[in-house]
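In what comes next, chain A is part of two complexes: it sits with chain B in the first one and with chain C in the second one.
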Partner chain A sequence: MKTLWTSRLTSFLFVLPYLAAFALFLLFPILYGFVISLQDFELLSAAHPFVGLRNYMTIFTPGTYENSIFFRGLWTTLQFVLYSVPLLIITGLGIAMLVNALPAKLRGLFRTFYFLPYALSASVMAVIWLMMFDTNAGFINSLLQKLGLTGIPWLTATPWAWIALVLTTLWWTIGFNMIIFVNALNEVPEDYYEAASMDGANAWKRFVSITLPSIRPVMLFVMITSTIASFNIYAQPFLLTRGGPGDTTRVLLINVLDQAFVRKDIGSASAMAILMALLIMLVSIVQFRLTNRKEKV
Partner chain B sequence: MGKAKKTGLLLLAILIALFVLLPLVWMLSTAFKNDFEALSGRMNFLPKKPTLDNFVQGLSGELMNTPILRWIVNSLSVGIAGTAIVLLIDSMAAFALARLPDLPLRRTLLAMFIASLMIPGVLTFLPMYIEFNTLGLINTYQALILPATAGAFGVFLLYQFFVSFPKEIEEAARIDGVNKWNLYRRILLPSAVSIMTTLGIFTFMGIYNDFVWPLYATTSPEMRTITAGIAMMATGSYTQSYGKLMAMTTIAALPVLILFIAGQKSFVRAITSSGVK
Partner chain C sequence: MKRSMQKGASLLLMGMMLALVVTACGGNNAKNNGANSGGATQGADGGGSSGKKTELLFWSPFSGSDGPFMKKIVDKYNSSQDKYKVNFVIQPNGEYYKQLDVALSTGKEQPDLMIMHVDQVPTYQSKEQLQPVDELAAAAGINPADFAEAPVKYATIDNKLYTIPLDIHPVVMYYNKDLFEKAGITAPPANRAEFDAAVLKLTDKSKGVYGYVVPTLWPQQFIFPSLVWQNGGELWNGTDVAYNSPEAVEMVQWLRDMVDKGVSPANVQQDGENTLFLQGKNAIQFNGPWMKSQFDEAGLNYGVAVMPQIGKVKQAIYAGSHGFVVPKAVTDSTKLAGIGDFLKYVSGNSLDWAESGQAVASKTVMDSAEFKAMEFQSTVSQSFSSVQFAPNVLNWGTIIEPVWGELSSALLGKKSPQQAMDDAVAKSRQAMK
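Let's look at the complex of A and B:
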């Protein structure tokens, strides 16, 4: 007969392998990141003297290089969030409703079409669009010229660079939001709509008074995941616009990785990464709170 | 719904589908053009002089610093190895959390794993790089595999499944004297094939498609994954060699597109159970 503690031990052995991976490659890096952010950590030097909060203070001191790249990068990222998130939500919901309105036989086919780009790697996606947007030889400008219009410098002038980044992001990720919304729409009881139709509510009214309230929790989920994803934008400006024109699309993550691997200042880059992570978590908490409050009113 | 409206919606759906599929079709078409034709600005979907040169040159390693065959082998290997590890350790952990009430710190561990799902990747990226650098593991397969094993998504997904597994079967087995390992191995795992497939597809695609970490965690051309390699090509000396680039993206996209279409139902299931409840 096994004693109690051997049973507890064997139970623990099941968790141990994952717990080790979790501790080594998630928990430890998080804690280590804080330590690094308190050090003068040059990538290539062996000594990493403790400097307290200096890396953070430099970021918040106007006029320093770190201050400029952090806040300009942050502003650029926020611009992208602002441009992309509403479109990601509206288009995602729109396409989901479109798919649901199609004849049942065709739904699966179109869902697969719309979802397909989501399977691609960010680098594959970006390189395909690099070719599509090429000023001289790109498909889109060739098409515009055929229609008698002039070509557009998609990746080298504003606002086109922003439009290109948002468009590629929509193309690449819209399938995710569509799937979430399709799922939510299918769970709205059919009799709600029938009852409303009998009361003479038109399509728009049914959408506002039945669809939207029913999918509210899902809407919140999509809002949060889309905001976080857009906050983490990297591949599109890194590969398509190279942060340009000038540095109009140099988003925060480009600057953080640049600070770490080009300027080799890991300490300062870690401080920036931590501030960015805190902001991302803060945004999701605020969004969660705001939407919850509305529900109570 | 009126017939005209139905037709209108179908037309709209087809139009959007064309927009979505066009870049993929154009990629495929350009992959069979020589660089000169690819840069000509002509809009022919069928290449004037179809050529396999881009694929042949790419795969034979003739292009400078681009051992593409090696990149694909790297990507597939780390994808498969990482997925195998994730499936094993996540299912064991989920089994213990859901089915072994005497597990020490059960609630604390569960809460910690679930809370970790909210941690943005940017928080661990740089310290993980320093960690692997200190261990001398930059530019090794370990660096490409191990970080992917720490995510709690799989534990969470399988935990939900194991928790809802009927107690009666388990109790019957326990009375028959089945030990914990056999309970896991012979009773719970066989019932979890479908959800494990879901997690497997999801994990493989995540590892295969990641390109930022491999870009920094590898330093020599022969250790790159295909996604990082393509990013290097596009920012390096192949910027406008669209014929070659598209042959590479076609090769890179093929495994995931096939897996995605074949396992779409599984994939959708992973997404929809990832947080919407």
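Let's look at the complex of A and C:
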């Protein structure tokens, strides 16, 4: 009995540092952000009167500035989520399988290659891709012109701007998903595949019937983290397209930060951020439910 | 053995990656230097007989190559006298007003003196964050008439002055001297006729050389307002945004014509005009004085001139300006005297600041032989008589924001200039409510 109690205490002690950091750097700011969203919080004003849900109501009142920047930005962000998340999952899994199919001595090297960009800062990523995508002096268009093709306006026309942003995001962040998938693939027992091969299952059949079901929990994790990351899209459009062409890639976070620090209306900006967080939570829950239901069938 | 080799390769890659990341962060190191050097000076003063020095916390956004120049001025000041010690702090440029707003609103670790762009002064003044500097300047023997008129006039609110100007950075014209020579152009164009003729001559499609590559995004924030004012238009007419006037629309059309005439390529992306300029394929660009160091490093054979008058009505040049401001919360008379003393010193010794490439606002320095010998800076200062700053309107930054997207749509040929500017006005009016 006593050992159980000690073991529980020990477990708790292990969790404690994270719990403290979580409370201090995540839970408290979120709660404080919610409190701010209920105030008329002008950054430079001394008084921050409580206004209840007024900031939220303004966002939902058609015709207001807050309404237009929130929903226009949200629509742009949703488009990015739709375009990027499937590719983040498929490419991540694809690269993981390719890397795993390599001879053992090359595996580590390629894992490092693909993970490299993940460690770069946003500004380095932007400098590289501005040079790659430049319409009139960029690497990709020079290559296309050498092949006798016309250059592509990567960052100044749709749908190219979206393609460019998704490509950049894949290059920049795919390493994370790949590593997770590599580990998941290594967990699948080798004898499943051997048995299936003997029964005459081809590669595609083995992938659908063995690989995918075995890595489903990891798939769910990758899906949810990728969705959350894509909702938080900011640096790529901010640095590469500046929200353009026009305002087609002006994502929600650009508008929220403008509202907070250019317009200095922290109350309204916090309300937007809270709404965004609620939406992300909702989407995650739906993803979780849908995937879990499949498991029961 | 093989396994360890492969591990070695991975480690090497990781090392390279780390090096990249570290270099990328290198820019931020300057932030700490200021604080460190402050500490060092304090240590050295231990033997001074004057007792305790009054410390002044001085904030600036000079996280670029300009930081060391201001630090030099502060260091020289600190060792020139023993009553005050200025602690120089650099905040990252992009984060500056964010940091400042937080410091001012929480009241913790507030600066005693800070750099502010002149077009921000009315906002912070209206939020009661700044105090007038008239008395402080008078006591220290600083005469506002000794500075360029434009920032002094702009930062004078209800007959009270709120800033001591440091520099003015107007948009200027950079041109590639080699391309000019090849095209047989001897002097930089100064008006629309000369400009239109020059860019046609400079364009050589067979070599991929363009006369004037039109930026579609930044730095239109400097170019577009200049053109509108030059053409007799306004951004703000006193009660409303006015950039869909015929005068403004004509200038958007003029920019778009550059693309249609083939003087500029289409679909110029962010920084595209600068990339081509650095490659010697763009003969002219309008940009700020801060580009100088980049062009120098690239070893470009370039010249600088006052932006030509493209509009039909008057010469007008959009500019930013750095000035010193004092938070309202600073009431300690010794501190205020110290601030005055330091600002007096800076206005007489801002030649070090000019070294950074900036044209300084102090007439004493501008009239000095040393400043006149600086070809670049003295050319920039020739714009001073026609500089204009952003309209003095609360939340101007978010009000004018839609213009940049709509202007880029017009320059990319997605919308007609009139349509784009009408849409911008409609969006801006929403932001004014």
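Note that in this section the second predicted complex is superposed on the first by the 269 of 297 C-alpha atoms of A that agree within 3 Å, B and C clash if a C-alpha of one lies under 4 Å from a C-alpha of the other, contacts with A are read in each partner's own complex, and residues count from 1 in each chain.
Criterion: a residue touches a chain if its C-beta (ideal position, glycine included) is under 8 Å from a C-beta of that chain, and two chains touch if they have at least 3 such contacts.
Here the structure is a predicted model, which means the values were calculated and not measured.
Considered on the superposed chain A, chain B and chain C are sterically incompatible, since they clash.
Set against each other, chain B and chain C differ in how many residues of chain A they touch, and the higher count belongs to B. With both structures placed on the common chain, the touch criterion links A:T64 to chain C but leaves chain B unconnected.
Of the two partner chains, chain C is the only one touched by A:A157; chain B is not. Of the two partner chains placed around the shared chain by superposition, chain B and chain C are both touched by A:T112. Residue contacts after overlaying the shared chain place A:Y234 against chain B, while chain C stays out of touching range. Of the two partner chains placed by superposition, only chain C is touched by A:G243; chain B is not. Once chain A of one complex is fitted onto chain A of the other, the partner contacts of A:S123 extend to both chain B and chain C.
When the shared chain is aligned, chain C comes close enough to touch A:V262, but chain B does not.
Touch criterion met: A:N136 reaches chain B and chain C at once. After overlaying the two complexes on the shared chain, residue contacts for A:Y32 are found with chain B alone; chain C is out of touch.
In summary, superposing the two complexes on chain A brings one listed stretch of chain C into steric overlap with chain B, and the stretch in question is 92-100; the others among 74-82, 92-100, 236-244 or 254-262 show no clashing C-alpha atoms. Applying the stated touch rule to the two superposed structures, the overlap between the chain B and chain C interfaces on chain A comprises residues 106, 112-113, 116, 119-121, 123-124, 130-131, 134, 136-137, 239, 242, 261.
Chain B contributes residues 1, 6, 9-10, 12-13, 16-17, 19-24, 26-27, 30, 38-43, 85, 88-90, 92-93, 95-97, 100, 102-104, 109, 113, 116, 118-131, 146-147, 149-152, 155, 180, 184, 205, 208-212, 216, 227-228, 230-231, 233-235, 240, 242, 245-246, 249, 252-253, 256-257, 259-261, 264, 268, 271-272, 275-276 to its touches with chain A in the complex. Residues of chain A that touch chain C in their complex: 42-46, 63-65, 68, 105-106, 108-109, 111-113, 116, 119-121, 123-124, 130-131, 133-137, 153-157, 239-247, 250, 258-259, 261-264.
Interface residues of chain A facing chain B in the complex, by the touch rule stated above, are 4, 7-8, 10-12, 14-15, 17-19, 21-22, 24-30, 32-33, 36, 41, 95, 98-99, 101-103, 106, 110, 112-124, 126-132, 134, 136-139, 141-143, 145-146, 171, 176, 179-180, 183-184, 217-218, 221, 225, 228, 231-232, 234-235, 238-239, 242, 253, 256-257, 260-261, 266, 269-270, 273-274, 276-277, 280-281, 284. Against chain A, the residues of chain C that register as touching in their complex are 2-3, 6-7, 9-10, 13-14, 17-18, 20-21, 24-25, 97-98, 101-102, 104-105, 124, 127, 129, 213, 216-218, 265-272, 275-276, 279, 281, 395, 397-398, 401-402, 404-406, 408-409, 412, 414-415, 427, 430-431, 433.
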